[in-house]
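Note that the chains are named A, B and C in the order they appear, and that numbering of residues resets to 1 at the start of each chain.
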Amino acid sequence: MKGLTARLKEKLPKGKHSIISLPYVWLLVFFVLPFIFVAKISFSEADLAIPPYMPMFEWSDNLLNIKINLGNYLWLAEDPLYWEAYANSIKMAFWSTLLCLLIGYPMAYAIAKAPKEKQAVWLLLVLLPSWTSFLIRVYAWMGLLKDSGLINGALMGIGIIDEPIQMINTNFAVYIGVVYSYLPFMVLPLYANLVKHDNSLLEAASDLGAIKAVSFFRITLPLSFNGIVAGSMLVFIPVVGEYVIPELLGGSDTIMIGKILWQEFFNNRDWPVASALAVIMIMILIIPISLFHHFQHKESR
Amino acid sequence: MPSGAVASQPSVTETGKVSRASKDVLIKIKNITKYYDDALAVDDVSLDIFRGEIFALLGASGSGKSTLLRMLAGFERPTSGHIFLRDQDITQMAPNQRPFNMMFQSYALFPHMSVEKNIAFGLQQQTPKLSKPAIADRVSEMLKLVHMEKYARRKPSQLSGGQRQRVALARSLARHPQLLLLDEPMGALDKKLRTEMQLEVVDIIERVGVTCVMVTHDQEEAMTMADRIAIMDEGYIQQIGSPVDVYETPRNRKVAEFIGSVNIFETEIKIDEEDRVILTCGDVCSDIYVGRGVTTSIDENKMLFALRPEKTFISKDKPLQTHNWTEGRVADIAYLGGHSVYYVKLKSGKQIQCFWANTERRAERPTWEDKVYVYWTEDAGMVMHL
Amino acid sequence: MQGQKFSFANLMFWVGIAFLYLPMLVLIVYSFNESKMVTVWAGFSAKWYGELFHDAQLMSAVGRSLEVAFYSATSAVVLAIFASVVMVRIKQFKTRTLFTSSITAPLVMPDVIIGLSMLLLFVALQQAIGWPEHRGLMTVWIAHTTFCMAYSTVVISSRLVEMDRSIEEAALDLGASQIKAFVQITLPVISPAIISAWLLSFTLSLDDVVIASFVTGPGATTLPIEVFSSVRLGVTPKINALATLIIGVVSLVAFVSWYVSKRMNDKLKATAA
């Protein structure tokens, strides 16, 4: 008995590898490996079977047949719908990121400049909504934006308009939903960055004769660059692939790639095309993701 | 100069001071070298620590002193070399196996444990297991030693800096370590409290009778607390000796300049005899007469002459002596209360420092731009190799 | 401090807060509306709450979701503690970049991609080794653990970076083994971060609809999937009632944890003085 525990004790502290391996193996199997399958299935052919794709490797007569089907990618390239969906997703993600930044930056700035004892409460106020259900917050806007919803009702009640404005099922509603849902993700990294700034830098700037606006644009803003990148990527990347918000608030003309992927997968049961869509989406996102990764590490150092 | 040569003869430099230390070697550090990647942190250091002494590693930041301490504690492994505890090679021994305990610079008190739990922690790790009453006894003994009985149930965050230090000291002494390691023991305290705690810590260490190695960048702290000091610079040990030794007989320019202030003159030997040396220097008007012999080799003609500012005299009148004087103008005066520092510009343009003891409240003193004579006695200065 | 001074940033802060809270306030108010119509206030009523609790399908989905969230959060935090140690303490090993990238990537990766890739993995694994036999709570748990682990690692590792390393060294110096030092000293010191990572993971898992839709199977519908399918059909006061309950619980937990930590801080300040 004692021999075993003694041996264990001897082994475990040196177990740098055992510490690494537990999370590493999990990530390799359940995060990295899946992407290999996505890539693989994007090159196979759809089939009416379970699972609904044809195998890529086949043994017959001692021959290994490898079938690589480029058809899915050709299909995507030929149909302008997909092009439009990618372009539209990037466009909408870009503008909503900018909106989040314009609203979120002053908010983060206000929190960082608030008295120490208030900062925690103010930050909590911003983050609290994001701990409640994301779905429910999108749902809340459905009730507000509907034709028979509260905003239209109120406007008609006052007499500004005679008939409801079409708000739900438009891109406008999607923008509201995205900004509403993702605003805390912008505020948090910005606050984390801004709160670290040394106030004496601003004092030094004003001592050297700079007015507040100059100090802000020449000192605070450049120093918060890492936070801006982190926050923007935290909004931009997931919004490109967003599904729930365009589904619930967008209309038939809101074509976003997340929604198309979902439809290909669940409605058309075309797994290979859905995989090809995902592969292209990852390739588009790889640059922003590595940017995010880079700045995330720079910031934590 | 390789530190090995210095370390092999500690008894030579040890003069005068009565030390409680024995000549019984407790720790032997042999040719320790440490690289971090490609950067050399500790360069072939050898030294002996005697049982019962307080030994200080003194140096600027980046001198390798902390690395050496961390290798003693076992947190770092040397790239080469060995550490012996008496006859046992402990170089590769894990920190939790070594009978040494450390008081960290930040004190590293466990924030979620009370003072008594902090002190008990080390006792609970001992094998064979100590009984609960035995641990409780030792904890209260330690609390008493550092006068913290009243604070036993407080959390570290509820203590002042000095109180935290006492707890940290008690915690590291609780296990009866054979060697106590102190990392910048006063580093986290403000200046006033520092002087008070220096004496108290020494008092506690002496009462317990533990051998102690401390690391500090503060020469005053090292000189107050330590029996012997090793001056470290760029990974080397420049000199080991008692506080009096390293101050009054620095081995080289680096040591002389690191400890206290000093005026250094570049000189040439004029007469070199067994009981006296006469030097000439372009900066000094007269010859420099040193009333003792200096070991030189024949081909060495140039020597350094080092003169501490407090060992000089200033006067407006020309001194009577024929050597050991020079003249200059007062370039600047810094009034420090107990004494004033005169910056005297010599004819050659070299500026030297001289102390003026302010023994009288309103004495007549030389002032700015006055022509003054600076002179010293024949045993005031030190002669060093270049 | 002149914190109350009017400034553009402060104005924007309160406008932003209003933007964040008003829709939820409306949601709560109308959950007590007698009428099914959102625009018409027909008097106070708690009848939608009654209907909610009698919806057996929804209630069993609540149970399932809580169960999955509990297990996902717990396993994600355990993995995240290991991952944080790797991120913070083990600076050099081969393929470290792959490791750190796959830790941070799930933070931003769109849900549809994670969901799709996970599903394809499970299908391929089932074909290859017969496991997992069928998709259900187990596969949802694996998927949730993976992406919650990323969030938890960010939270825990940022605390671990800040921690004074010498505290752990002191434990070693006092004779504790590496494991003991970590369990008895490091874990308690970073425990606030561990708790918040757990809570964050719990809410993330409880909230996920997209990934769960991909990887779940028959009979394992989670609450968000249930809510999503009913919300797609339009606004119903029953969902308002559910939303109110969720908002209430989250606010309560947030308030209690804020209050407890504030009280502890105040107490510390008072005794340290």
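The definition used in the following text is that a residue touches a chain if its C-beta (ideal position, glycine included) is under 8 Å from a C-beta of that chain, and two chains touch if they have at least 3 such contacts.
Nothing here was measured: the structure is a model prediction, and the numbers come from that model.
A comparison of the A-C and B-C interfaces places the larger number of contacting C-beta pairs at A-C. Look at the CA centroids: the one farthest from the centroid of subunit C belongs to B.
Centre to centre, using the average C-alpha position, subunit B and subunit C are separated by 55 Å. Rounded to a whole number, the gap between the C-alpha centres of subunit A and subunit C is 16 angstrom. The residues of subunit A that reach two or more other chains are 13, listed in rising order.
Contacts with at least two other chains are made by residues 177-178 of subunit C. Multi-chain contact residues of subunit B (touching two or more other chains): 94. Subunit B contributes residues 73-75, 94-96, 100-102, 104-106, 108-112, 121-122, 125-126, 154-155, 157-159, 171-172, 175 to its touches with subunit C in the complex.
By the touch criterion given at the top, residues 9, 12-13, 16, 19-20, 22-24, 26-35, 37-38, 41, 51, 103-104, 106-107, 109-111, 113-115, 118, 120-122, 124-126, 128-129, 131-137, 139-144, 146, 148-150, 152-153, 180, 183-184, 233-234, 237-238, 240-244, 247-248, 258, 261-262, 265-266, 271, 274-275, 278, 281-282, 285, 288-290, 292-293, 296-297, 300 of subunit A touch subunit C in their complex.
Interface of subunit C with subunit A (complex): residues 1, 3, 7-13, 16-17, 19-21, 23-24, 26-27, 30, 37-39, 79-80, 82-83, 85-86, 90, 93, 98-113, 116-118, 120-121, 123-124, 127, 142-143, 145-146, 149, 153, 157-158, 161, 177-179, 199-200, 203, 206-207, 209-210, 213-214, 224, 227-228, 231-232, 234-235, 239-240, 242-243, 246-247, 250-251, 254, 258. Those residues of subunit C that touch subunit B in the complex are listed here as 164, 166-167, 169-178, 180-181, 184-185, 188-189, 268, 271-272.
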